[in-house]
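Chain lettering (A, B, C and D) follows the sequence in which the chains are written, and residue indices restart at 1 in each chain.
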Amino acid sequence: MNHSIEELLIATIAEFLYGLKHIAVGVLSPIPGSAALLAKTRSEEVKKVSIIGSTQEPYRLDGGVDLFDCAGQGRVDAFFLSGGQIDGQANVNLTGIGDYPKQETRWSGAFGSAYLYFLVPRVILFREEHSRRVFVPKVDFISAPGVSAPNIYRPGGPYALVTPLCQFLFDRNKKKFFLKSIHHGHSLEEVHDNTGFDFEVPETVPVTATPTKKILTLIREKVAPVIADPYPDFANKCWPNH
Amino acid sequence: MNSSIVSLGEMAKQIKNGHKVVLFKDCSVPMELGRTLIKQGIKDLHLVTVPTGSMLPDMLIGAGCVATVETSGVSLGEFGLAPQFGSAVKSGRIKILDATCPAIYAGLQAAEKGLPFIPLRGLIGSDVLKNREDFRVIDNPFMKNDPIVVLPAIAPDVAIFHAGMADVYGNVYIARQAELKIISHAATKTLVTVEEIVDFNILEQPELAPAVLSAMYVDGIALVPNGAWPLNLPGYYDYDRSSIKAYAIAAENDSSFKTWLETQNSSSKGNSN
Amino acid sequence: MNSSIVSLGEMAKQIKNGHKVVLFKDCSVPMELGRTLIKQGIKDLHLVTVPTGSMLPDMLIGAGCVATVETSGVSLGEFGLAPQFGSAVKSGRIKILDATCPAIYAGLQAAEKGLPFIPLRGLIGSDVLKNREDFRVIDNPFMKNDPIVVLPAIAPDVAIFHAGMADVYGNVYIARQAELKIISHAATKTLVTVEEIVDFNILEQPELAPAVLSAMYVDGIALVPNGAWPLNLPGYYDYDRSSIKAYAIAAENDSSFKTWLETQNSSSKGNSN
Amino acid sequence: MNHSIEELLIATIAEFLYGLKHIAVGVLSPIPGSAALLAKTRSEEVKKVSIIGSTQEPYRLDGGVDLFDCAGQGRVDAFFLSGGQIDGQANVNLTGIGDYPKQETRWSGAFGSAYLYFLVPRVILFREEHSRRVFVPKVDFISAPGVSAPNIYRPGGPYALVTPLCQFLFDRNKKKFFLKSIHHGHSLEEVHDNTGFDFEVPETVPVTATPTKKILTLIREKVAPVIADPYPDFANKCWPNH
């Protein structure tokens, strides 16, 4: 069965989410949001998916305080972060490029990253652009650090990084990304050429699993109508016939 | 009739140059009040966005009303970055106090409780913390070798927001936006624009009462239909996407932003309806 | 049907000897669950009353279920002092952790936020503070010569309360008792007895939703009509004053309390209705 | 016009409340509650009276957190405290008699006193029993202290003490009560005989003002029906014909 790159990414991210009780999704995150919904559809253990910006029960949150308190209580099992820059230590920059504060390019700001990255056990990094502009040796501004000293209270942190080329796992002890698989049609060379930081490579690099027909059907029939509430444009673009 | 019901113009005059003004993120944004403040030529505001901001702070910054922005992020969401905010930061025209969302909430909750400070997990090792001279790291008094950030209370002079319904007794129905209570409790004054003012006491309706901000916290109410336009107000109207998009494009450079601003000054949907 | 719906007996078994159990003050008190715990012979509970307690803690203490009471006050209100509590404190049979109301709330709110501690004004110079080894005084990190109390988070094992309505999806309508959210967020588990269980999703009713405790925080719901009897449940029933008065008299001495307890064990209104 | 002792006490306490924006009333306080309602009836500046335990808008509170936060914000102008024991430094004992913790007599506990006594500018002490058992030289247990060192954050504190015999003002600098007036029918000697602590006495001791006909009418017609919601027994006893 044919699938789009979005569907591959949704299925790939969902693999990290099965069995988690509560998955929360931040703003501007249609693909992670779809992955969370897919995980809930396929796994009875996923009790709750919270999508910031959703007005539909049961996906809405009472508000930001509700989400951050919930994470503080240890009741958020997975969350998603992106970054204008991400480096090899999993530091995330959502703030801007150049010398702070008068940066050449100013993005929006750190949002909840400087907190949730510490509190949520499984933070999945996701970026739709895989380039040396994004994946840099060192971020210009650490909105949220990837790793912390051992005495810092940090039940959470980076777990994986998913891009349109491949997926990495993050090794918190080695403080390094480890290439997990490359998506069909892409090469290790291409990944190296487009990644500005060092990462570990296994002897044989697997190809990312292609979503099964069953999973694609679930995405199109169960996930698409729900993600269309907070993300109508995304849903129209990906599933114009649904 | 409650004495807190005022005209939009009277309300705007209660906000002074240099005030620390707290704004809730999206939906409940008092856009028409913002336009009125721009016309009034207000200066040197210290904006606190809860926890992030979109079109209103961008517009106020572009119009030269703002000295400081305390925020976890300003962006137009799906319409892209906040252009006037970005260029003001780049040029150093405004002072930026970068935070993270729960730190904004925690600072306001400290003020709500009358606490001088409140601790917060996270932040340590970030450049957000490094650049905030007013955030401190202390030792957890209950555990050795456990550094933790403490944040000062955020006590704004004025909270402003737009809501659907108020009553003549000065109570405001805030529906699912429970966090509006936090900002009103934290602020010295709260000014609210609303779509409608009803003549029954909404606190006496058992099903409405849990989502009511009591008159004790409300210092001014102004009837401003479409007061959140072009942003949305749940239960009343959706985003006016084409107007927001037009803003996003206009705000990309200073001269088109100025032109856009002049159009706004000569007419606005909130006034004409 | 949500798997969190259980029988009263199954619910009671989830509360174990030695658990730290948090109880809301008056109205919403799960009296029938309390009677079930007494029958079950539960021991060594650490009760946290929010912020004060009345008949339920007194009854549990008298029945020998309690090792520690963390409270800002236990009393039967207009029916007088709490006799079993008083005699247990006097004899040293229970450990008492005296607090002040906002300190109980603040400790629970710290747990709700995942904070290890939270500051609180007041208390300095009181014998309440002097007798709490777990309360500390630190210097305000933002101001010299400004001592302030810091309290450790209160993180109960179980929150229990009685409410009017739950739905089959595991959501609970808490009406004006918004503070029940705090205790549920702070506790590891929340067990709720209710008057009725409806088959529509109460979160999907816009007017009910702001006063709903979401299923995420609810680990068990049991259908127990009259579950707060002889105390009240607003919107359902008032106090049964003669039964409370009878309790207040019986609890005055140990032998009449024992007799009263045996009557309770053989029949209770909550079971018979 | 004849009046009861309760009506005298209500009118006397109300004198401390006119012009205050927000007056809060704790549990088991029918007389202070009535005084607060009287003040609201007579003074336009009294915007809000909050009565713990009232189910009637506009007197109810969202809950305890609401009250304590409100006091922390400086938005509660007056509150009432009582005590099993009260001493000459305005220390209040709501906890018990004897050596703590295994006290001979255990009362309920400190309730909100150890916080509100610090935060609310005008705390009115009120006790319906005026005896040496209650007004002691030194309380056995300080549930809440009457005075604090100058470096302690304390915008609030004791303001007055009203009893069935007389009323005192509290002088925070001298840390002493000052006799303001004695109710009609009682003597200074009687006050001394029944008070276990020292207090200052003016050269001429005034008689407490008797409530006017207008005030008594307001109490009976406006206050009684409202206070009957949280305190039905009290209202029935005081105003059986209303």
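Everything below uses one rule, namely that a contact is a pair of C-beta atoms (placed from the backbone, for glycine too) under 8 Å apart; a residue touches a chain by one contact, two chains touch by 3 or more.
None of the values given here were measured: they were computed from a predicted structure.
*Asks:* List every chain that touches both chain B and chain C.
*Replies:* Joint contacts, listed by label: A, D.
*Asks:* Quick check: how many Å separate the C-alpha centres of chain C and chain D?
*Replies:* Distance between chain centres: 29 Å.
*Asks:* Hey, how far is the Cα centre of chain A from the one of chain D, in Å?
*Replies:* 59
*Asks:* Calculate how many whole Å lie between the centre of chain A and the centre of chain C, each centre taken as the average of the chain's C-alpha atoms.
*Replies:* Inter-chain centre distance comes to 40 Å.
*Asks:* Check each residue of chain B and list the ones that touch at least two other chains.
*Replies:* In chain B, residues 113-115, 120-121, 146, 148, 176, 178, 209 touch at least two other chains, as defined above.
*Asks:* Which chain D residues touch at least two other chains?
*Replies:* As it turns out, chain D has residues touching two or more other chains at 62, 68, 72, 119.
*Asks:* If two chains touch, include that pair; go through all of them.
*Replies:* Touch list across chains, by label: A-B, A-C, B-C, B-D, C-D.
*Asks:* So in the complex, the part of chain C that touches chain A is made up of which residues?
*Replies:* The touching residues are 111-115, 169, 185-186, 201, 203-204, 209, 214-216.
*Asks:* Please output the residues of chain B touching chain C within their complex, sorted ascending.
*Replies:* Its residues touching chain C are 106, 113-121, 136, 138, 140-143, 146, 148, 150, 152, 175-176, 178, 206-211, 235.
*Asks:* Taking the complex as given, what residues does chain B use to touch chain A?
*Replies:* Interface residues on chain B, with respect to chain A: 51-52, 71-75, 77-78, 81-82, 85-86, 89-92, 96, 98-103, 105, 109, 120-129, 131, 145-148, 176-179, 182, 234.
*Asks:* Please name which positions on chain D make contact with chain C in the complex.
*Replies:* By the definition above, chain D touches chain C via 27-28, 55, 60, 62-65, 68, 72, 94-96, 100-119, 141-145, 148-149, 151-153, 233.
*Asks:* Please output the residues of chain A touching chain C within their complex, sorted ascending.
*Replies:* On the chain A side, the touching residues are 22, 47-48, 57-58, 62, 68-75, 119.
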